[in-house]
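These are the structures, in structure tokens.
Two complexes, one shared chain (subunit A), two partners (subunit B, subunit C).
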Partner chain A sequence: MNTTILRLSAQALLGRRRGVVLVLIPAVLVVLAVVVSILTDDEIGYESVANLGFTLALPLVALLAATAVLGPEVDDGSIVYLLSKPVSRHVIARSKYAVAWAATMVLGALPLLVVGLVLDASEPRQALAWGLGAAVAGTAYTALFLGLAAVTRHAVVIGLLFVLIWEGVLGTAFAGVRWAAIGGWGREVAGEISPLVPVVGTGLTYAVVAAAFVSVGSLWFTGDRLRSFTLRGDE
Partner chain B sequence: MADPSVATPEGRSVIHDLGYRPYTGPRLGSGPIARALVGTGFRNTFGLGRSGRSKVLPFLLLGLNLLPAFIVGGVMVLVGLDELPIAFAEYASTTQVLLGIFVASQAPVLFSRDLRHGTISLYLARPLRSDTYALARWSSLLGATLLFLVLPVLVLYTVALLGEMDVSDQTADAAVAIGLAALLALSLTGVAGLIASWSTRRGFAVAATIALLLIGNGIVTAIQEIAREEGQPQVGEVAGLFSPYSLYRGLMASWTDVETATPPTSTAMEVTYLVVFLALSAACLGGLVWRYRRVATA
Partner chain C sequence: MSVLTLDTASRWYGNVVAVNGISMSVRPGVTGLLGPNGAGKTTLIALMAGFLAPSAGTVTLDGEPVWRHTDAYRTIGLVPERELSFGYLTGRQFVRANAELHGLVEPGASTERALATVEMVEPAERRIGTYSKGMRQRVKLASALVHDPAVLLLDEPFNGVDPRQRLHLMTLLRQMGVEGRTVLFSSHILEEVEQVARQIEVVVSGRHAASGDFGQIRRLMTDRPVQYVVVCDDDRGLAGALIAEPSVVAVSLRRGGGVEVSVSDFGSFAVRLPVVARGHGIRILELTPTDESLESVFAYLVGG
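Take a look at the complex of A and B:
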């Protein structure tokens, strides 16, 4: 870890409009949960709100955070100034990941816990399950998207395609996608913690190992890509 | 010795006049410039006239968007159905994620790059007003979005005609679907263009547009489902006014036979849906024009 890179990445993440959008996504989710819990008596809205947060808000926050710490620098070429410093590229990758991961935890996973508590305060275990499942999925999402940002300028679009098409559309059409879907692994973890969350059926061990593998692998890959980085012109 | 700061008198600028022939052809006004800009913008949206790598994404998305239509066609041929398994208008609703990603990812191509690299001042140095520039860019994106929406409908329509279904029925359904597609394209183009013109970072513009469109749609869908289960469809009807996709679904439910969660039930509500749809598009276009006016005067 390098404190200067941590500080600069945090500035890039929270500075200006990007920070506003990053904070708005969980804020809207929590407001929706509050409104639903006030207007409906029982847990009708729990499933849909938690699903919305887990399948849409969490990956979007992770995507925004991961691409924010690396994307703009690669885009305008100023990353060469960072790469020319005598700091290991893997340290750069880890420092940037740490910032993006912290943002995903606070703005992606924590809101799910809050939403769970708001919608059904009598079941704190269920809320905790959603929160922890989101933490596991968020860890892997952030690493994967950071790796994407190091490879291509289209990291945001490819990340969106992965989340919305692969995990979303194809995930509902083909059951086998659950073996290669980060969101599915997070749900599996959540389902193991609380019986109220439906499990996906990959097994807890597989889900945790797969999430850890993707996280560590993507993080190493990011460092490796930065090690042999070629700056390309705008298309 | 002459004062070098004094402007050269007319006709005596001999040192820099190297004898090159000046351009003597016709100089076109802002109309032809705008037309050329719309044409190039439309091509650029699909990566035509740009590098090979920038063609990959739009054509990949277009291909993915057309794939289900061709699969439906293939299934029709193999199984021999006598009606389409998916309605023309329903198609855009089914592939709304692809549509959103396409519009969000291609809007920055038209709106962000000129602002980010400062090339906007070169455009505005021509006899082209900032309003015209904004309108031209908007038309390019609108055309591309419409193509993206209408192509699968045309594929399905062809399949239906080749399957010898009732021509007048199919034509009427396809016409309604294309009308709805135009409304959806108008609003999505406005929203994506406005966000892209405010953000000069491409990745950020894409993510912000998607966040707005899909989370907005997700929230509306959640509210509509809850409202239906709670037995209060009016709440869902009103909620449907807050996202382009739900506006599309609402009008689709009232203009075609497709069923949705909480469709608008009264004529007044249908008119409200239509008005909100058009007002959203107009407001975004207005914002776009205003944004470029500010850029031009800054």
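Take a look at the complex of A and C:
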């Protein structure tokens, strides 16, 4: 880990408009939870808000955070200022990941815990389950999206397609997709903590190993892509 | 003392050849990389800086390949043409971050030294986003100098810089060359290059067109035949008189009027033309060079 890159990445994340959007997403989710808890007290309200947070807000936060720490610098080539230094590319990748991961935890996973408590304060274990499940999924999402940002300037679009089409539409229609859906792995972990969270049925071990594999693999891939970063002229 | 060596280095993108079989050694002192826009200068600098893998041939720094060789950046300082997008940092924060990334023992002191070298101490507390083009250029240079590199690569460093700052940058580069650093900068302006560099490498359309002392290159460029169109009140009379001049290589009449003259020695031609015209009672109305663009100069060099 390199403290200078941590600092620069954090400034890049918070110093841009994206930082505002990043904070808005969990804020909207929490406000929604408060409104739902005031208007209704049945299970459907809880499940709807938690599901929305888990399947949409969490990956969106991870996507925005991961692409914010790397995407713009790769797009405009200014990452060359960081790369023209005797610092291991894997250290650069890990440092950028750490910042995006922290943002995903604070603005993606933690709000799910808060939402759970707001919706049903009598079931703190269920809230904790959503929070921890989100932490596991958020860890893998962030790494995957960071790898995407290192390889394409269309990372946001591809990431959105992955979340909405692959995990959303196809994940609902075809049961087999759950084996390759990060959200499903997070749910599996959450279901292990509280039986009130519905699981997808891949088993805890598979979910944890798959999430770890995607996280470590994507992170290594990001570092390797940075080693081969190519500076192209406008000519 | 470091030497950058390109040995028949080529780089292509699909069917497009950006750089074609270039061999050169960049030694201590200032070298100017001269060529028109699109000639492959940025590609060459990216190859030298380890930000592009050669498709064929090798690019080495003191015998070590630079591609995927992170430690080479202890020796290389790079000033890319790319704009700084760290507008949210102050100049000082940016240069200091560079010093820290180099793992310098005293990053603060090195930052101040580099800022002083480029005369940016005073505005260093302002955000980069508020800087003029020239100031951004100088901050980029400070960030490349902060670790006191033996090799300095600069891509079009004078672009958009006002004349006073340009002079200052030129003095700095010359000074670094005298100190024994290997400095290479690219430009598409001959006058700019010859004010700073003794050694000039000319690239045109991805090919190494010429290499040598700036005097040699300048002669190559000025001694070529130059085309002019002379508009006067007696085309045939002037054509007949000019062909007798030793400085004139060819003369032809233009359809719409005017005489096309190919001149081998412009200095003598400039002196002789009014003398010849007056001697024959011919009135010169217009004298226009037709191929003075730098591109035509470069095309001549490539053609031999």
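In the analysis below, the second predicted complex is superposed on the first by the 226 of 235 C-alpha atoms of A that agree within 3 Å, B and C clash if a C-alpha of one lies under 4 Å from a C-alpha of the other, contacts with A are read in each partner's own complex, and residues count from 1 in each chain.
To be clear about the criterion, contacts are C-beta pairs under 8 Å (C-beta built on N, C-alpha and C of every residue); 3 or more make two chains touch, one makes a residue touch a chain.
Given the structure is predicted, the values throughout are model-derived calculations rather than measurements.
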Checklist entry - Between subunit B (first) and subunit C (second), which, if any, makes contact with A:44: first, second, both or neither? => result first
Next on the checklist: Quick check on the superposed pair: does A:164 touch subunit B, subunit C, both, or neither? Answer first, second, both or neither.
Outcome noted: first
Next on the checklist: For A:230 in the superposed arrangement: first (subunit B), second (subunit C), both or neither?
Outcome noted: second
Item to check | Partner chain in contact with A:8 - subunit B first, subunit C second, else both or neither | outcome: second
Checklist entry - If you stack the two complexes on chain A, which partner ends up touching A:64: first (subunit B), second (subunit C), both, or neither? => result first
Item to check | Contacts of A:80 with subunit B and subunit C, given as first, second, both or neither | outcome: second
Checklist entry - In the superposed arrangement, does A:72 touch subunit B (first), subunit C (second), both or neither? => result both
Next on the checklist: Which partner chains sit in contact with A:89 here, subunit B, subunit C, both or neither? Use first/second/both/neither.
Outcome noted: second
Next on the checklist: One more residue to check, A:220. First (subunit B), second (subunit C), both or neither?
Outcome noted: neither
Checklist entry - Where on subunit A do subunit B and subunit C both make contact? => result 72, 234-235
Checklist entry - Once bound in the complex, which stretches of subunit A touch subunit B? => result 17-18, 21, 24-25, 28, 32, 36, 40, 44-45, 48-49, 52, 56-57, 60, 63-64, 67-68, 71-72, 75, 153-157, 160-161, 164-165, 168-169, 234-235
Item to check | Interfacial residue positions of subunit B with respect to subunit A in the complex | outcome: 50-51, 53-54, 57, 64, 97-98, 101, 105, 113, 117, 198-199, 201-204, 206-208, 210-211, 214-215, 218-219, 221-223, 225-226, 229-230
Next on the checklist: Touching residues of subunit A toward subunit C in the complex: what are they?
Outcome noted: 2-5, 7-8, 11-12, 15-16, 72-73, 76-78, 80-89, 227-235
Checklist outcome for this item: Given the complex, residues on subunit C that touch subunit A span 37-43, 46, 49, 51-53, 68, 70-74, 76-78, 80-86, 88-89, 97-98, 100-103, 143-144, 155
